[in-house]
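One chain, subunit A, links the two complexes that follow: it is found with subunit B in the first and with subunit C in the second.
Right after this comes the complex of A and B.
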């Protein structure tokens, strides 16, 4: 049973922010695919919910003069099917289409995935690789932060009091000319959380790697970029030997933990193998032959 | 046979697809109250004090009851027929509510309220103080000298059993080759789609009435009577549609408690509906086992001397007791029935631990046995460089073999199953193709064989009853005590009745629900027994109907009884249609002088137990670096005697194979050092989804067992038994790495491949 004390259906950003400001115990709900599980588990007794799923500005993907603006309350299935996403940032479609199952993807939202701060979120590696920026609105006003600065620790993100995520922004320069792959490794092929996720996002200059971004989920307490591996690749001729070297460096940047779900050693093996496979596929998709 | 052997659609298919079928939680009840259980947070200890005042004061709470209110005597829960022999009776070690708690989740108190939400809040308000004892989670810990007893006077032994055919040391003198191995299997759970649920009230006859999702209404009636300490006839059990059981509902898990609730509240209706988490932790599981094998083989590849030692972890209460571990031991003997002069010495001990309670689960100890035995057989064949199929064929049970319980093999198609599997999987061709592989992706072939009983004779009674009542249009209701829980038994019974009486399938309506005040006696759905045991009763009732019809036709249409036949709903004589059964039925019901319905009400106590056989063959691919197995081809071949309904049979095989694959690669209930289950949900307990399930293939070798009503033998459980060993053997074939514990998870594979040098260990700086 769901122990819910109150529910406010906000229909504008202002209404949502003022409802949050009026009640320090208020909790945002969009799709509810995480929030309702926590309530059912008894972790949020007497929940006071502010629903943001009916705020039109928070739903949908639009192309702006500077890039893409993704509404955080857009469900995963809508992101995966969106023409702009498929055209410019297919790695995000690849990520969100592997969340849970069809029912969860129809209600769960990309903003919820980010706001949870889980290192296993399937949108996170792709958004990290895309240098996504987050637009946040609170009674103090609007601010924009880089996604890497927003994740503070396992399940911890940098929300100020009564703050709402209002957009996920991707600059043109972060996707024009890039192609890549997101690989989710999970024990099951559906209805599962990631044991490890790797996104490689690559731009080629002939036979050279002009830019490479490698982002990993569950390789550390938060999603991370593998900056040293990226640095070792940029400007180099792509080759299997280079990719093997990149994978070794990526392993050295991982900080996975042993839990009952998977051991550190197992996850290190996955980092190596998935980085190898994702980078090779990213090079191929960017037009390289490897 | 004109109706048996054809793929008729399920009788209940339309009702289930349209939502007309009502499961226990679908039935509306006026004034229904809801119960929630206050459970033990510790694995072993005693409640020193409990405070329920705040819960009782919560508005909407109707009653709070604890171990202080519950009967002090204990009762057995296993879904076994009652035995008049006191030594064969199930262990009575449960109380309805307990102060002595033995696993995390043990029932201490119950809150009953106007709705589920209030009942949950009431549970939150209960506090208790405990005295804690050491948590025992392994056989070594539970059997150690001086270990604290989970149940006083047991030394933590639920039961033990030995089978001694020949003498190992003596028979081993002929052996040239000796092998030893240890295999372990985890705790797994049934994960029936419908969780455990029941409601109870007192009916107009003052009977405590329990409506439950159960496989065993008659047995549960007895258990509720025992638990409450009242005459069994003062209890009434009703079984509506059931959404799967797989053995977890061959046990009385919540019926006694919900009956106790209504008894305490003067008959007000109370529902107790378990959550998925409760179903994982506080119903039943499959036994984890540690299995030790020792084998001597002659130069000719004959199993000369075998030892099999089994430790079964039973958890906190006895449930089915030693019988599952004993079945593990007999399964080995039934598959490789010892040849003259060969020895099979097995001993098994079932141990109490502070874990969720293990009980019946599809296969009842056989999946454990076959994983160990068929993995061991594979290893021996490889070591001796024998063809693994030829090695098995040399040693399998033969026609006429008599089991330790005195069951003679009167039909066996095991060799044919194995040869058919070899052909269907293209064994020889693919073996050659997969020889000398290198690289990260490798293919492998594996197989495993099994034997499985049909019912529990001669250990327990097998009595089943059937009633047929003809309507005045010639159609009939068939009532049986056997329970339809999704397997399709009702449809098979309708086919049997139609076949024997001589009417179209559509003439037979099976009453799917059981009500112990109305339904003929039946023991229930377990041991893959119903199409055999209940089938014999259905055949007997149908024969009686047919005889009555023929007699009535002869008397009223001036025919010679010996010349009358019933074919496709018509009374025939000398090849001519005389009168339709519809007309005859109306005549019989309305005849001024002799009006009487045509009916039969019979029972039968079977005295046989035919053995079913079969094998799994699998072709799979291993991605070594990722520890991933992809099944490319998997086939189960079954000798289940005559196949009653090929489409339903195939469905049974698919479901069982899926469970077997999950056992091999995915499923395990993880329990931490304090006895908490870590993954009591369907996210972290890796039940396969559809994308994880390979294309499943079923094939049959049809024998005809003379003891069975229509030549048929067990099929419900057998498909679960052999996939795990076949998959393990195929992974071995692909990688040369042997995994001797289930499940073979990606992490376990990465560890194994790393140890074998197939993967270089990665270390971060």
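Right after this comes the complex of A and C.
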């Protein structure tokens, strides 16, 4: 049995927020593929859970007048199969379909992946490249923050007390005309955590790069954008030489550490290689010939 | 703390009180005594506890029992029609895809979801779809062969003897 002290099945956002406000020890559970394992590990003794998996507004992907609204309690497999995701933001489908294995993807959720603040989360590089915004609701009201401002450190995110992630928002201007690729490097092809992940998201203007976003996971304590590399590319004619230069700059922006999975040096090498490959593929998918 | 849940297990409706601390795996094995579903790693990595929930494969060890309320659950015990094995079970036997057998129920449930999805799977797709199930006895060659055979047979269907279970 899990070491669980109490369980509240919230059926609305309001009910979830008031349950969180009523109990400072309360912990949100959606899919459970992280939370139940932490409980099993003894890291959360006497867990007091507020379950959000049955709140209809938190599940599914919808198209709004401004862009896409992704329900944070949507499982990875449902994100990967979603027609709107595949059509407008295929880099997110590419990211979430590389999480764990099929069973884990049926249960784990994209919002959980963001909320646990891991630099290795497979949805993070794509969401960073898409300039995703997070809608958060607490007893104080609703606020919207940029995803890059939400990550504060390894496993640390900017939740205020009793705050719930209620939507992941992507603006139209952040996906219209863009194409890209997410590459995950891991020791095993499945059931493994990313050693390094890179997402490139590109918009072309003829033979020029109109915009390029490069986001990396495990390249620093939080997912990061490679802003200098992006700046060096924007407005330039795409070429293999330019991509080599971008990759060099991206390496200078990475601050990976050595862990049992890989050394800092190997991760720097991966940044170079994966940025090179992902940017070239993003240019190709955006209609360029390289 | 107990909660009443109502669900179908292998086609049969059941209502029972479960403890909020219980996993679906514990309910299936210890309360319903359906011990074909195995307890392997307990943390959603090995797939030995795979069951179908509303037709999709889940690790029952990381699924709270209270979440089963209103769901359609299938375990290995419900896969044969009487004496007649399902298409997937038959393929695993014929291809020798079983050694100690501990991982087999999980592999069969995951493969069953594939055969019922109506989708086509290449050899690489099959490997990807079975990546959440581990076998520690032997290689995966015969398991992938069995899944390939089951998918082919299910597509052709078993004709008038078809029980609807693949």
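We take it that the second predicted complex is superposed on the first by the 289 of 290 C-alpha atoms of A that agree within 3 Å, B and C clash if a C-alpha of one lies under 4 Å from a C-alpha of the other, contacts with A are read in each partner's own complex, and residues count from 1 in each chain.
Simple rule for what comes next: a contact is a pair of C-beta atoms (placed from the backbone, for glycine too) under 8 Å apart; a residue touches a chain by one contact, two chains touch by 3 or more.
None of these values were measured; they are calculated from a predicted model.
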Can A:107 be said to touch subunit B (first), subunit C (second), both, or neither?
second
Where does A:273 make contact in the superposed view: on subunit B (first), on subunit C (second), on both, or on neither?
first
Contacts for A:262 in the overlay, against subunit B (first) and subunit C (second): which applies, first, second, both or neither?
first
Please indicate which partner A:193 is in contact with in the superposed arrangement: first for subunit B, second for subunit C, both, or neither.
first
Does the superposition put A:56 against subunit B (first), subunit C (second), both, or neither?
neither
Under the stated touch criterion, which partner chain does A:154 make contact with: subunit B (first), subunit C (second), both, or neither?
neither
Tell me the contact category for A:3 with respect to subunit B and subunit C: first, second, both or neither.
both
Common interface positions of subunit A, toward subunit B and toward subunit C:
1, 3, 101, 189-191
Quick check: in the complex, which residue numbers of subunit A touch subunit B?
1, 3, 42, 101, 185, 187-193, 195, 251-256, 260-263, 265-266, 268-274
If you look only at subunit B, which of its residues touch subunit A in the complex?
116-117, 120-121, 124, 625-627, 666, 670, 672, 678-679, 682-684, 686, 688-692, 745-747, 750-751, 754, 759, 761-765
Subunit C residues within the subunit A interface of the complex
1, 3, 19-23, 26, 42-45, 47, 50, 56-59, 62-64, 66-67, 110, 128-133
Where on subunit A does subunit C make contact in their complex?
1-4, 6-7, 9, 29, 32-33, 36-37, 40, 51, 53, 77, 100-104, 106-107, 189-191
